[in-house]
Amino acid sequence: MSWILPPGASTFAGDIDFLYYVILVITGIAFVVVEVGLLVFAIKYRARPGRKAQYIEGSIKAEIIWTAVPAVTLVIIGLMSGGVWNHIKGRNSIPPNAIPYEVHVKQFEWNFTYRGPDGQLGTSDDFIVRNQLHIPVNRPVELQLIAEDVIHSFFVPAFRVKQDAVPGMDIRVWFEATKVGEYEIACAELCGLGHYRMRARVFVHSAEDYQQWLSDRAAAADEE
Amino acid sequence: MATSAVSLEPAAHVEAHELSFLRKYIFSTDHKIIGIQFLLMSFVFLLFGGLMAMMIRWQLGFPERPLPAGQLLPETMAPGGILLPEFYNSLVTMHGTIMVFFAIMPLLVGVFGNYLIPLKLGAPDMAFPRLNMASFWIAFSAGILMMAGFFVEGGHAAAGWTAYAPLSADPEWTGVSGGQQIWLLSIAILGLASIMGALNYITTVVNLRAPGMTWFRMPLSIWALFVTAILVLLAIPILSGAAIMLFFDQTIGTHFFDWTDGGQVILWQHLFWYFGHPEVYILILPAMGMVSDIIANGSRKPVFGYHSMVFALISIAFLGWVVWGHHMFQSGMNPTLGMTFMISTMIIAVPSAIKVFNWMGTMWRGNIRFHVPMLHSVGFVAMFVIGGLSGIFMASTPVDIYIHDTYFIVAHIHYVLFGGSLFAIFAAVTYWYPKMFGRMMNSTVGKVHFWLTFLFYNMTFFPMHDLGIAGHMRRIYDPSQYEFLQPLAPLNRFITVSALLLFTVQILFAANFIMSWFKGKKAGENPWEANGLEWTVASPPPHGNFAKVPTVYRGPYEYSSPLVEEDFLMQTRKLASDVDPAAAGP
Amino acid sequence: MRRFWVTSCLFAFLGCGGGDGGSGGGGGAAETAPLGNASISGMVMFSGDAPANPAIDMSEEPECAAKHTDGPTNPIVSVTDGHLANVFVRVVGGLPGGPYPVPSEPATIDQNGCLYVPRVVGVMVGQTLAITNSDPLLHNIKAVPTENRLFNISQPRAGMTSNRIFTAPEIMVPFECSVHGWMNAYAGVVEHPYFAVSGADGSFTISGLPAGTYQVEAWHETLGTQSGDVTVEADGSATLTFTFGG
Amino acid sequence: MAHPALMKPPARREIGADVYSEKLGMWVFLGSEVMFFTALIGSYIILRFGSPEQWAAPGQILNIPLTAVNTFLLICSSVTMVKAFAAIQDGDQRLLKLYMLATVAIGAAFVGVQAYEYTHLVHAGFLPSGYSAGSELAERAAEGLLPVSVGVYGSSFYTMTGFHGFHVSVGVICMSFVTWKAYRGAYTKEDHRGVEVVGLYWHFVDLVWIILFTIVYLV
């Protein structure tokens, strides 16, 4: 059992994990205060013969304190979250140098469309790789999620990225991987009987390896 | 309209002649019988919902092993005892549906709304007793219809209890057609029953209070049920409207949620959650109210900050309407809206915090009697806190990106709905059992049941937070498909074993409930030495409740009042200093 | 509107005789002797250069990829030495009226190496179609027919079998696997037993016919349909050749 | 009219709100109805803003004059309902029965006109699922005179007006019951709750129609 987040591998991980731990500490304190309080009261004020409870109807001062303290704390958490949220999901948050991909999402496959050698999406030299996303490290990428049937959700736990792909909506998600390696992509929105197996992988390459992979694939696609 | 035909004195004359068994126990218009009918019905559905949960847990804990006795299921569900993914999805859908709509909601609103409102307010019955009876039988029919869905071709609804379109809209995506339609019909019919009930509760609370029962002398349980009834009244029609639209999409080819012909997929989510978030409070507010009553009784002290408790209830009910978007942070909704919903969600946590601190304040310097209802109530507070605090994680939009649709959410909802609502239900059932059946439930068995439930409950649901933190998705049939979930298999098995134990120890409660009905110790009028009006009449109360209209002199929580020797002071007890409300003028 | 009346409401579960599997076995119809002993046999040819079948990227399905030693391709047009396989041939005209005996043996279709084997299958109305999974992974079988009830079922493990029975003739019921987008199969549902699927060598045989003149139609998933007439005598046999163009 | 002994005692004023329970219950119920129509109308607005190209110009497909007459009918029925209520407040049994009958008749006429309208629309090819293939409207759409597709337009039109029609029908049934009771002499100057409660519902249904007529037909 562990309340530690698994290692992150994108630029979002730092911000999100920090917020998570801040909330963990704050809620942890509240948790201990309440649970210990309950336990102490339960023991200390348990019924004993000959004793009568003290007739107390309430206290305005106490009410003000325990209204204000949570309110202020929560608003602070909200404000801290707001900035991070805008950075990740805000309408204009996608960096201009992000590499674009199209992801055609269907029951139960992820079809990643790559730019061909011409560096443009939507041209005839684009190629599709099923269930494999190859990206360069330390470079933002932008995925346009195109759901073809039902709602799916693009989830890379290691990148702290999750975004629903909704049919009929223009949905874009971006991230920047920071560690070379291989990570799993999951579907996080119930999408039918094969939902549990809607798994794909993302391969984060060094810049050179990525170029190498691209040209290999483009050559292979050319042959066909 | 039909209501206009209802007699003004619902109970007075009826008692005169003997009623047939059918009229007395089946098609009864007595709010107490109807409350008990709801109780028995919801317990059966609670059992069904629990059984489904066990099957789900088995699959998650032991994905490679056939379900014990699973061979008894038809091949379309579990060939050779191996659950099929489509059946698993149906189970997940129906576990949620049954628990929310046919177990917890009727238990809280149907049972205690019916049983307590007239008794605690000094009324002879509901404002519209026949409507009340109709409400039960409509709900019952909806329940039968819902279960019938398992037997249609293609299986039962499998799009989750939230029935997100387009998965729920077109049979092509799930293979389910009749099941999903039955689901929608049943929900719409149940909605009708809920609205009829809510209308009754609201009218009764407004109009049928006994003399002297002013708004701020109402027990918090009644306040909570009243506020809940308003939420039901206003939220359920939204769901009914949405369900009807989806039903038409399925059957007559409309395009409300069909993105290929002008419809909008995300509209369903907005409608569903616009209903769904108030629904969340429908499922917890009555629990909070009843727990407030019981904690005051157990602590032998007035509820700490009664007025702020009432205002907290009301503000939760108001704010509950503007937070629905927090279910949809990752849905592609405009991110700026996400910000607004985050702030409103943060704010709605405040009244819940107030309530927790007030419960603690109530216990503070009390003289706490740990009877079984009190144990469950304190358990409720302890568990509800966890559910509330874990909610803050997902209210924070960036953290929600990671934990959305993971087991963290599953843990959260179960801490609120099981640790919260169900513990409160156990508390309330044991607390009012003597009033309902005239006998006490066995206290020793009750205590053993509480401690075992508390233990296994936490063993089941607390580790789910950890699953969520590791990224474990919800509604996953076989987690072993993912490499990053494979190390979690032992934890999943641990949870499954705990869940099986948790389910098993509920036998204690069921046995206690049934045995005490026949063999329990006879209860007097007021076994808990409580203050409310229901404790001034016989257990069980006669038809018509009160021989003469009671008069109320004070609030419901005058425990350990310095005015009297005993540590309780009933609402109807007239002290020398009390003035008759009629004499005091309007 | 039709769907509404067919599927909705409370009565759906009363009338679920539709196409439910599970019971195994045949359609339950009494075995009766065939109407005759004549047969039509023939060949389906392909003229010209066969189009290349697309390669399948099975890199994320190692269990299936292992079953294909040379890079897997999707056998849409399966030509061997000018012989075309996977053509559904059936008698469409000239038959005496039914009822026709329903075979108790199920027709079968297997999922092996992330491909349907066979890709085209014929089945009689009322006859069981047994769908099996030989791969150690999830396949779902989704059929969205126009005349029969749709179904979408899954087989998460190797060795699973699902039985389906079709209630109305339909050319063709398309099968697909949503997990593996390339997997397609077609079931020809016919009200009589006089159909066949061309084998790898392009040959087919329709037997058990009474004497008569028959119109025969051949269907291919991408190359369209062709038809031809043939006359057979009692206990005799006739040949028929279809040629699809490239 | 009725023998005094048959009359019920006057409505007892209950503790709490200054209205009797039946009336309060109806108000509460109407609150629920408001939310139901809010769901439908809200969805309509969202869908229409999302796919404006699906909506034909007012009057292109729907028959506005016919529906305007129908709207007028429904407003008239509200007036007769008010008259019926005023009559029994004065204890006038004859006028009560007359006006209740008129209200029922006009309400039924509204449903009849709506049924006629539906039949014509379906015949012309306007279905809840959009155009029916090969219909007159589909041909005009092919010529570019109408929107290419009216799927969600048809869906919302039939669902909204249909549910309103359902409410009108329920109202007519309830009012028939009240009329029947009026003939039995069940209402008096002092106690005429049934008339008032059904009247409340009827005015609500009328009000909803005015909104629906505006946003579905005219805008």
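Side notes on the structure shown:
Letters are used for the chains, namely A, B, C and D, taken in the order the chains are written, and counting of residues starts over at 1 for each.
One rule holds in what follows: a residue touches a chain if its C-beta (ideal position, glycine included) is under 8 Å from a C-beta of that chain, and two chains touch if they have at least 3 such contacts.
Since the structure is predicted, the reported quantities are computational estimates derived from the model, not experimental observations.
Annotation of subunit C and subunit D: jointly contacted by B, touch as defined at the top. Looking at which of A-B and B-C shares more C-beta pairs in contact, the answer is the pair A-B. Between the CA-based centres of subunit A and subunit B the separation comes to 31 Å, rounded to the whole angstrom. Per-chain Cα centroids separate subunit B from subunit C by 51 Å. Subunit A and subunit D have Cα centroids lying 49 Å from one another. Spacing of subunit A relative to subunit C, judged by their CA centroids, is 45 angstrom.
Multi-chain contact residues of subunit D (touching two or more other chains): none found. In subunit C, the residues touching two or more other chains are 138, 140, 152-154.
Shared contact sites, meaning residues of subunit B that touch two or more other chains, fall at 84-86, 173-175, 252-253, 264, 477-478.
The full set of touching chain pairs reads A-B, A-C, B-C, B-D. Interface of subunit A with subunit C (complex): residues 106-109, 111, 129-132, 192-194, 196-197, 200-201, 224. For subunit D in complex with subunit B, the touching residues are 11-12, 14-17, 19-22, 24-26, 28-29, 31-33, 35-40, 42-43, 46-47, 50-51, 53-54, 127-130, 149, 151-156, 158-159, 163, 174, 177-178, 193-194, 197-198, 201. By the touch criterion given at the top, residues 1-6, 12, 15-16, 19-20, 23-24, 26-27, 30-31, 34-35, 37-38, 41-42, 45-48, 51-59, 62-63, 66-67, 70-71, 74-75, 77-78, 80-82, 84-86, 88-91, 107, 149-151, 153, 155, 157-158, 160-169, 171, 184, 186-197, 199 of subunit A touch subunit B in their complex.
Against subunit B, in their complex, subunit C makes its touches with residues 1, 3-4, 7-10, 12-13, 16, 18-22, 138, 140, 142, 144, 149-154, 156-157, 160-162. Those residues of subunit B whose C-beta lies close enough to touch subunit C in the complex are 74-76, 79, 82, 84-86, 145, 148, 151-154, 171-175, 177-178, 181-182, 185, 250-253, 477-478.
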